[in-house]
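All chains are identified by letter, namely A, B, C, D, E and F, in their written order; residue positions are counted from 1 within each chain.
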Amino acid sequence: MSEWSHFDSNGRPIMVDIGDKPPTPRSAIAEGWVDLPEAVYDAIKRGAVSKGDPAAVAEIGGIMGAKRTSELIPLCHGIRLDNVSVRCEIPDGERSLRIVCEASAREPTGVEMEALTGVSVAALVFYDMCKGIDKRMVIRDVRLLKKTGGKSDTWGG
Amino acid sequence: MSEWSHFDSNGRPIMVDIGDKPPTPRSAIAEGWVDLPEAVYDAIKRGAVSKGDPAAVAEIGGIMGAKRTSELIPLCHGIRLDNVSVRCEIPDGERSLRIVCEASAREPTGVEMEALTGVSVAALVFYDMCKGIDKRMVIRDVRLLKKTGGKSDTWGG
Amino acid sequence: MSEWSHFDSNGRPIMVDIGDKPPTPRSAIAEGWVDLPEAVYDAIKRGAVSKGDPAAVAEIGGIMGAKRTSELIPLCHGIRLDNVSVRCEIPDGERSLRIVCEASAREPTGVEMEALTGVSVAALVFYDMCKGIDKRMVIRDVRLLKKTGGKSDTWGG
Amino acid sequence: MSEWSHFDSNGRPIMVDIGDKPPTPRSAIAEGWVDLPEAVYDAIKRGAVSKGDPAAVAEIGGIMGAKRTSELIPLCHGIRLDNVSVRCEIPDGERSLRIVCEASAREPTGVEMEALTGVSVAALVFYDMCKGIDKRMVIRDVRLLKKTGGKSDTWGG
Amino acid sequence: MSEWSHFDSNGRPIMVDIGDKPPTPRSAIAEGWVDLPEAVYDAIKRGAVSKGDPAAVAEIGGIMGAKRTSELIPLCHGIRLDNVSVRCEIPDGERSLRIVCEASAREPTGVEMEALTGVSVAALVFYDMCKGIDKRMVIRDVRLLKKTGGKSDTWGG
Amino acid sequence: MSEWSHFDSNGRPIMVDIGDKPPTPRSAIAEGWVDLPEAVYDAIKRGAVSKGDPAAVAEIGGIMGAKRTSELIPLCHGIRLDNVSVRCEIPDGERSLRIVCEASAREPTGVEMEALTGVSVAALVFYDMCKGIDKRMVIRDVRLLKKTGGKSDTWGG
């Protein structure tokens, strides 16, 4: 059962012991999408010229969510993040919001979960901001794009 | 700008005032999927006969996440949930994990965000449990299936 | 020592037992000010025409802070808030930001602490947003303006 | 718009990336005052000879609040504090409580927000402890007195 | 497997659905003990005449802990507590601290876990306050003394 | 009063300033027991052959609880844990659950409180999982078994 980093040989849940690893620079980039029904899309496009911006609230919520990753994910280490950025935008020609979260730290463990959590919480916040217009939004394709640092060093990208 | 429940007429972020609404029974069901690379799928299928079960950890994490919805979503009300259930399983013939979260409460506001948060956090926990095997999992199609109660009463389903 | 609601006759800390009080409508309004050094004031005035708005971030932070009042204040009850609003603006002719927080609930206990916490956290968030420009901001005159409901019913206003 | 450390060039909220800064010793001292109506002042003076001490509860609450700074302030980094102290006392000849919070850490970012948060939360806790006597307390003049360490090194003091 | 309220028939973790239960008055009393090595006992007895009181800090910590029960216990409902009291004292003739926590609420579910959590967190806080003197303290006999309300109504006592 | 690490010379609560201590490897092991009434014992023994396992839920809860130690214990430092493990099992011949928590970190302060908190929260979670069967469980003998690192280096064991 050694393929499972989070179970011991008896199948009990475990954290990964990082006590023999030095802190090294780590980064991760994750993305996700929120498909927008027409009414939501139109409202956002109209709103873009005024001050109320659901994407800005989602970005703040995503950053705050990424900082709480170790509270949400039972076996995640609490670490000091050097940076988290969350960007939400509708790419030209799309009817979907693209969310990208980058996280970085100098720690003995990676920041993939922080990046993925930042994307997921931003998506939920965005959903909440717009659900009064149309609840048929769909959060999709939340995934890790790239990570650097650690044993496997660079992955993806 | 009245189409936005979470912005006032000047575009400033607001909660929805529920002070004139009585508590009524509310429920919501949300689902989401996690696509599993072959190595993860195989490991889970093998693991299903032993005690270590990433789906059980994800279910617990999802329930705990749903209870924290109002901390994660800036403009969400904190409410007393009557029940949250999270179920994670690989349907026959699928190479993906299906996550379903049902939430219910007797409150003046709906529980859609709780159901969606339960799904999203369960998906993240599941990702964390399996990421040592293959990081190419994709969380997809997180959406509301149905809600009951409140002004719009039944939606979806 | 009966004048102290939060100490018993031996001086030990206690919550106020609200078990014999029915839930009734409660509201509270609190305000506070942040004095702005010239550089901060000028930057905000210039920024008001672009999208980045420290006041909007402070408003969101204040709402989220008000929701966490019972975690911050040791002897406060956790309640369900019907609404929290936080407004930050520089009144005409002032060199200070005015923060107003209104909270309301239908509970057996008042929401004064929630309103005051919303103001205080919003002020701290605003400070954080602007401290790169000048750290000499001063948070002042945080106080309760008015409350309604409960034994003493209306106070202030 | 480079004067804003917490907005990018498009006005979107950002954390400050501290990834290229080494940890160095940081400290900050903040203060604040709570003006006491006569009934509160008298009750505290009388209480000072017994065990119930609202200032002691406020000190504990302030320390706990300072430890939660990164949860309350959206764009603040979570760090490991080496020390937080909060002292609440009525200086001779004053009718106001003075709160002083000192925070220190060896981190790549300053601890000003932790010191200010410690003061603000202690003030709120003190208010809560005494509000049964008279609600007309006013929290005023919360400000940074001094900081050391970091790019600007010593400030104030 | 119906004897398990927190597992379904397939052994998956579940909350108890309280959606068909009305709120009714609930209370619970729990106790626990901390055995004190001689050096700790003596220091407390000496300290009792001065202001620093580890029992008062433990009482505050226990109340705050009880309020967070639903965050700590995965399958516990978040509820509004009407009251929590924690009392820590060394009974005459004992060399142990006795901790008693009473919790009450008007909710569709009991408050046993809140009372037990209040005792356990108070015991941990007390341990922390005194561990610089002697670490050989033992927390023992944490148990429910009595509960009232709910289906089984009065239990114990 | 110098014997108290958490009070100053005036008896006010203080954290221990760790600013002049380098991070060094620290570990701690704590244990505790939960006495099981016959009905609980029998149900667990029967359940051991199916998937629902209260001990596994308790282990996850204990790990999550240990990560929150600095939120629960007012004067504890927040640190980065390298590892936390919690093991719950009924030793052969016993009618009690034994809980062991090991914590480790490279920090300027010890991890005794984290280990003790892990045990206590796991015990509470286990109690919650089984309380539908019989509430007469007793949590006992929660204590530190061993610590390494720091000024006093190895203790116990």
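The working rule: a contact is a pair of C-beta atoms (placed from the backbone, for glycine too) under 8 Å apart; a residue touches a chain by one contact, two chains touch by 3 or more.
Model, not experiment: these values are computed from the prediction.
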Note to self: Using the contact definition given at the top, which chains are in touch with both subunit A and subunit C?
What the structure shows: B, D
Notebook entry, point to check: Given the touch definition stated above, what is the smallest step count connecting subunit A to subunit E?
Noted result: 2
Margin query: If I superpose subunit D onto subunit F using their CA atoms, what angle of rotation comes out, to the nearest 5 degrees?
Written below: 120
Check: Between B-F, D-F or B-C, which shows the same interface as A-C, counting it as a repeat when over half of the contact pairs match?
Finding: B-F
Next item on the list: Would you mind pulling out the distance in Å between where the CA atoms of subunit A average out and where those of subunit F do?
Entry: 31
Notebook entry, point to check: Counting in whole Å, what is the centre-to-centre distance of subunit C and subunit F, each centre being its mean C-alpha position?
Noted result: 36
Checklist line | Sites on subunit B at which at least two other chains make contact | finding: 12-13, 16, 51, 53, 56-57, 60, 64, 68, 71, 74-75, 78, 80
Check: Considering every pair of chains, which are in touch?
Finding: A-B, A-C, A-D, A-F, B-C, B-E, B-F, C-D, C-E, D-E, D-F, E-F
Item checked: Complex interface listing, subunit F residues touching subunit B -> 51, 53, 56-57, 60, 64
Notebook entry, point to check: Can you name the residues of subunit A that touch subunit F in the complex?
Noted result: 12-19, 70-71, 74-75, 77-80, 107-108
Checklist line | Of subunit E, residues touching subunit F in the complex | finding: 1, 3-8, 10-13, 16, 32, 39, 43, 47, 50-54, 57, 60-61, 64-65, 68, 71-76, 112-113, 116-117, 120-121, 123-125, 127-129, 131-133, 135-144, 147, 155-156
Next item on the list: Mind listing the subunit A positions that touch subunit D in their complex?
Entry: 25, 56, 59-60, 63-64, 67-68, 78, 80-85, 87, 104-106
